[in-house]
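Here come two complexes built around chain A, the first alongside chain B, the second alongside chain C.
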Partner chain A sequence: MSRPGFVLDVDERTPPLIMHQGESFRLERLPLGSKVIYPPDSLPGIRDVDAEIRHALLHPHGTEPLPELLRSGMRLTIVFDDLSLPLPQMQTPDVRQRIIEQVLEMAAAKGVDDVELIAANALHRRMTPAELRRTVGDRVFHAFFPEHLKNHDAEDHDNLLHMGKTRHGEDVEINRRAAESDLIVYVNITLTAMSGGAKSVSVGLASYRSLKHHHNVHTLRHSNSFNDPPNSAMHHSYERMKGLIDEHVKVFTIETTLNNDTFPSSMGFLNKREWEWNVRDQASYLAVKRANEMLPQKTRRRIWQSTAAPYGVTGVHAGLQSEVHPLTLQNVHRQQLTEVNGQSDIAIWGLPYICPYNVNSVMNPILVMSLGLGYFFNLYKNRPIVRQGGVAIFYHPVPNEFHPVHHPSYIDFFEEILTESTDPVLLETKYEEQFATDPWYIQLYRNSYAYHGVHPFYMWYWGAHAMQHLGDVIFVGGNRKTTTRMGFRAASTLADALEMAKDTVGSSPSISYQHAPPLALADVR
Partner chain B sequence: MILSLEYHRSPSRFVAARGLTSTRVGSRLSGMVAGNVAPLRLVNRQAQELPGDGWTRVTPILSGICGSDLSLLTGHSSPYLSPMTSMPFVPGHEIVGRTMDDLPGIPKGSRVVMDPVLSCAVRGMEPCRWCASGHQSRCDHITAGRISAGIQTGTCADTGGGWSRQLVAHASQLHVVPEDLPDERAVLAEPLACAIHSVRRMPIEPGSTAVVIGAGTVGLLTLLALRELTEVGAVYVIAKHGHQKEKAKALGATAVIEPRKAVRALRRVTTARMHTPEMGADFLLGGVDTVFECTGGASGLDTSLRLARAGGTVVMSGMPSGGVDLTPLWFRELELVGAYCSGADGADFADALRLAGSAPLDGYVGTTYPLARWREALNHASDSGRLGTVKVAFDLAR
Partner chain C sequence: MRRKTSIRGELRLLRHGRDWRGRSTVPRSAEPHVVEPEERVFPTAWARTPFAVAARSVLRKGLLKPVAWKQITPVIEGSEYLDGVRGPVVFVANHSSHLDTPLILGSLPERFANRVAVGAASDYFFDVRWRATLTAVFFNAFPVERYGSKRLRSLALDLVDDGWSLLLYPEGTRSEDGWMNPFKLGAAVLCVTKGIPCVPIAIRGSYAAMPRGRNWPQPGKPRVTVRYGRPLIPEEGEEVRAFRARMAKAVAALAAEEDLGWYDALRAAADDRLEIPGGSQPTRPGAVRDENATGEKPADWRRVWASTEPLTGRRRRVWRD
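The block that comes next holds the complex of A and B.
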């Protein structure tokens, strides 16, 4: 039985605590009385994942077993989450591969010939052949790539289908092949509560025309938080779109959840609570940290990026999305939810080396912002862990570094647009359309491996709720130029950051540290 | 005897100056090199004799230090020009001064600026085809006639130059300065006339886009000319320094861009496509209609060629130095247009004097030096951008 999540009150006996800081980490001693939010212990993984998958496919929720939905002559489209999930990448075989192989076996048994596989990358960069292969496995890759295993192309207008508008006037436009299929089988990994469910098809296969209805400042500011779907305007929009999609095409969903085994055994201490470290963990910490610091930056990044998590699968549920997703969310909550009593004046997060948009890439300043003020700040239900007008302290070096192939529009966004303003509404009004329709960005998105031109705007909107909520944002160890450009402040140490925060929250602030990764979702009472 | 700064023949010093300023570190010391290594000396020379009728002695009041002067002193001017100079000569061609002799229509004591081109009329020759058609800057006779070779005052052994207490000038070179135009603005007339000439070298379509590379004197005045004399649309200025950005904005730049961001920024505003070659800088497919290269540097010209749209125009306003990859010129079928001095039979100068009076050019001549402090002056001029100055000039009355 795994222990539930809990909140530690820092006292004299509390050891220094792990703080992620980009492609590094450190032990940090927090002020006495600080609260530390830990996720539940990692849940045990399912022993026979293949059997669980088979069971889910044959005993789905709210629909017939998958084999009964398959027939000769039908158009079957298998859609799967792209490389933004899970984080870090999981050790192979990827659970998507296991599911896809079983779906294909069932399809073959039923004589289904017209099968396409599509990565639901929306406006994310295309997955490279190697990344696709890693996700779906050798067998599927060799059988389907490249003709029948593709990335979704949100700018291939001939292959998009406008299904109509929701009652709120939201355009629903998704991949034509999927939309005109007899059956979509969606293969999902739900790492956080924001993923999966109605989001899968309505976002993963959508175009800018459709996405802009929920990926905007207004919606994000009313998604409190986007990890709490009932209170998320973004998810309400997904649901409306899903309703329209369901009228056009049948979707059979397979959702999976993972446990909190985020780091491999060589870095197993990162998965554990610090006071439970044994001698081996302490030695590992010293060895890994020392080696990490000695490595050249490129090598260090390559090693971090190639680190695969030994995740265990905690749930596989298949069937109708509306019936499957609540079960999935239960699993996510079982693994990540920790009750927290009240908000604090200051919240601290250590930001790791990875976010959904820098897999095999570079975490540029905009992505750091989105990871901190977007993903981590929004790891809450009910209320943020920090009060309105409070201070967020993040640990990250925020280097002024961009991947020129993956993030070309980010460079222009950072160099030109943020120099004018950091106000999400102003940027959205003045520049979003220009970036979204820029032919060069579109060309790079379609033919190279670039995120769509509008993507940095979405990342900026991701932090819009936090920016509105917080009184100050400080990056410990942050590059002064990049943090200042984004409207934040940099401090050399936690002590300096707390000193700087005094202007906003006074000299005796309450402090919460959300200890992640592994991810913890704070249920703030 | 006339106190003058004299440039004399010394191949070894020319080469040494060139060598020293060719490195990254050396280029930062170009002012020091210009003052200490270049074959330049402060001397007392015999006063120039008037070469004939229609000439007058001129006492300079202010004489600017031009980028082309600095290029000469750091050994970066092209040897191509050497047959068209006569040594020793006194540099300085941006001059406001007073005449010392009566001329028809220009009484003694008149305050004048001068077109430095030493064309057929100056040389007492029958007009060549260019001078006859009002294009004196293209004169074919600049090595002939009654004075020695020299493309302009400041490169001719017989005329003297602005960096002295006295020179000689022909009536055809002189333009009387309106009484209400201060010397500090009048001394900008010559570079402004050049800028006006450059924007008149080819038609600028109404609403078309332009880029001005460099925001020193030539770049800023080119921007002014574009805004005042054409119906150009967006004008983007590539500027290194903060004060240049402010001045460019005051003159109507649509946006001012740092050099390292130029290609990306212009790609975005022109919705062009950017490509990165295996070697060399990024370039655009698409881009701007007209690029004015106002730095005189090879990298400025290289950037210009990479920014212009297919069929677009690159105007070379700065005196060029160094070689560039001309592949874009060929591949994108660009027009490469030279713009030297002024033209239009004096009309550019007339417009320059008018604009010098009305445009927001206060503070452009930021610092003046007496001739005795010439090394400091050259040092300052070499580093003027960083030091927040547009134009450094000699004050010959001090």
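The block that comes next holds the complex of A and C.
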């Protein structure tokens, strides 16, 4: 059995602890008495994943077995999570490929001809053919691409269907093909408690018209946290939309969960607790770190981006979304949840090189902000690990670089909008509409590989709750220009950062470090 | 803003808190939770088998007693009170030296010496196997839990049921300075619940002969006296605390006999003039209450000084010239 997560008290016997720092990592000696939140050890993966998938499809929760839902002449749409999941990408074969292949085998046996595969990328950039191929596998790719294996296009208004409004007046508009299918099979990977469930169809296949009802400052400030669905206004909105969708179309959901094996064995030390490092781990730490520092930036990025995680699959559940998702969440919690006693004055996070929006791309300052104040800050249940008015310290170089193809609107957002204000509400009311409807951004989103024009706003809103909650945000090793532009501060060392935090939290603050890698979800009591 | 760290600095950080094999100490809060194994009581039943009894008898008579009697000058009084007593009984004595047990066992009549089990501190005598074995072989000792922390079920009741007499030191431990500490309730409870007699014993001079910290008696064959008193039998309905008080008084009177003589000690006990162990202060064995005493605890050195005064064996004269 894997060991459960726990909170470490840093004492004089604690070796320096590892943390991410962008496309690098480092050891850091935390002040004595700091608390470090470790997730449970990586759970053992399922040995025969194919058999597990088959079992899930044949014994679904709350609905008939999948073969009974399939019939000749039906319209079947298979929708799958796009490349924002999992992070980093998993070693091939991707679990989505395994599932889609089995679904297609069953569909073929039942004589289903009208099959369409759609990547649920919402306003994310389109997946390239190579990325699609990596996700669904060669067989599926060759059989369906490009006519029947597509990215969702949220700006193709002919192919969107407005289903109506929820009782809260939220527009529900999703991909027409999916909405008019006899059956949607949704293939999901739930990496954090935020994903999956009602989010899958109502967000992944939606348009801006629909997304703006939950991707806004008000909702996100009331999603405390968005990794705790019962306390997340955003998830309540998803649920309402999902309710409406269910009235129109039947959705058969297949959700999978992964363990915490985030790095290949050559970087096994990243998956281990520091005091358990053997000589080999220490040697590979030193070697990898030195090599990483010596590499030219381009090569370094390519290597990091091509790192694939040897994830084990910890659960496959299929059936009715409302019955499947609780089981999925249980699995996620089993892998990530650690109980934490009380909040602290300062929270520390080491930010990695990857977030959902820079796979095979560049992590720009806006994405660093969204990763830190959005994703990592929100890895909690009940209460944030840092108290109201406390200080967040992140480790990331926050380089001033953007991917011109993937993130064109981010560049304008950073250079033109953030210079004016960093207040999410002001940005939302004043500029969101303009970016969302800009024809050039729409053109790039539809025909190039650009994120939608409104996406940098969403990233900014993602951190709105944290910005409201925190007294100060400091980036250790951060670029001064970029951090200042975003309204944060940069420090060269942890000691400096703690010194800077003194103004906000006094001279003897309590400190928590949410250890990453791997991911931990703090259940703060 | 990426700054290359020096390889030396990196190594120093990596080596921090690790030994030459690269192994780190485990932070206290990360140490695995170990379920304390249930305290195993050292088995002593084998030490009460006929063969062990016979072996112990040989050891006692051939080794323990001759060696002890060679190193000190023992004076045994009152063992005749045991003549009519039928076991099992509980012997209670004041305790200030490791000499006490060999002295008592060596001076007991043979029929008792072979049927007596000695209560020994489980945390001291039974902590390691070799010590536990030796203690059990020589003294027929059984473990007694002094601090009640591990909730061992005491063997004492079973031993009494099996007809074994017990030798207990109700103070619970050897005295620090030769003075007597309050008696614990255990011995009295045993006597009252089982309705068995208690034989009080007072030992004087053993502290001077071999105090705490010494493992061999002082040179010069110091005089040590062991006095047995008349058995005390719990009366019908007698309270445990009352019986304990009686027990303490009897031991104090026997101790006083060394200084006052038999009759005066009896008189002092009858007049309630003896210092009886039981208050918050330790009492000097055989002390008579001083009306002018301040009630304050005498300085440490004075207590040790009084305890190490050599016993002369000179009796106070009863009949005046």
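To be clear about the criterion, the second predicted complex is superposed on the first by the 525 of 525 C-alpha atoms of A that agree within 3 Å, B and C clash if a C-alpha of one lies under 4 Å from a C-alpha of the other, contacts with A are read in each partner's own complex, and residues count from 1 in each chain.
Basically, a residue touches a chain if its C-beta (ideal position, glycine included) is under 8 Å from a C-beta of that chain, and two chains touch if they have at least 3 such contacts.
Owing to the predicted nature of the structure, the values given are computational and were not obtained by experimental measurement.
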Exercise for review: Kindly say whether there is room for both chain B and chain C on chain A in the superposition, answering fit or clash.
Suggested key: fit
Check your understanding: So, A:E274: does it touch chain B (first), chain C (second), both, or neither?
Key -> second
Check your understanding: Is A:Q443 contacted by the first partner chain B, the second partner chain C, both or neither?
Key -> first
**Study point:** Which partner, chain B or chain C, touches more chain A residues
**Key:** C
Review point. Angle chain B-chain A-chain C between C-alpha centres, in steps of 10 degrees?
Key: 130
Check your understanding: Looking at the overlay, what does A:A130 touch: chain B (first), chain C (second), both, or neither?
Key -> neither
Review point. Which holds for A:L8: it touches chain B only (first), chain C only (second), both, or neither?
Key: second
Exercise for review: Tell me which partner A:I411 touches in the superposition: chain B (first), chain C (second), both or neither.
Suggested key: first
Exercise for review: Identify the partner contact of A:R290: answer first if only chain B is touched, second if only chain C is, both if each is, neither if none is.
Suggested key: second
Check your understanding: chain B and chain C, closest CA-CA distance after overlay, in Å?
Key -> 23
Study note, to complete from the structure: chain A contact set shared between chain B and chain C covers none
Review point. Contact residues on chain B for chain A in the complex?
Key: 261, 264-265, 267-268, 271-274, 276
Revision key, fill the gap. Chain C partner, complex, touching residues on chain A are 6-16, 24, 26-27, 29, 273-279, 282, 285-286, 289-290, 293, 397, 399, 477-480, 490, 492
Practice item. Give every residue of chain C touching chain A within the complex, in rising order. Key: 1-5, 7, 10-11, 13-14, 16-18, 21-30
Exercise for review: In the complex, go through chain A and note every residue touching chain B.
Suggested key: 404, 411-412, 415-416, 434, 438-440, 443
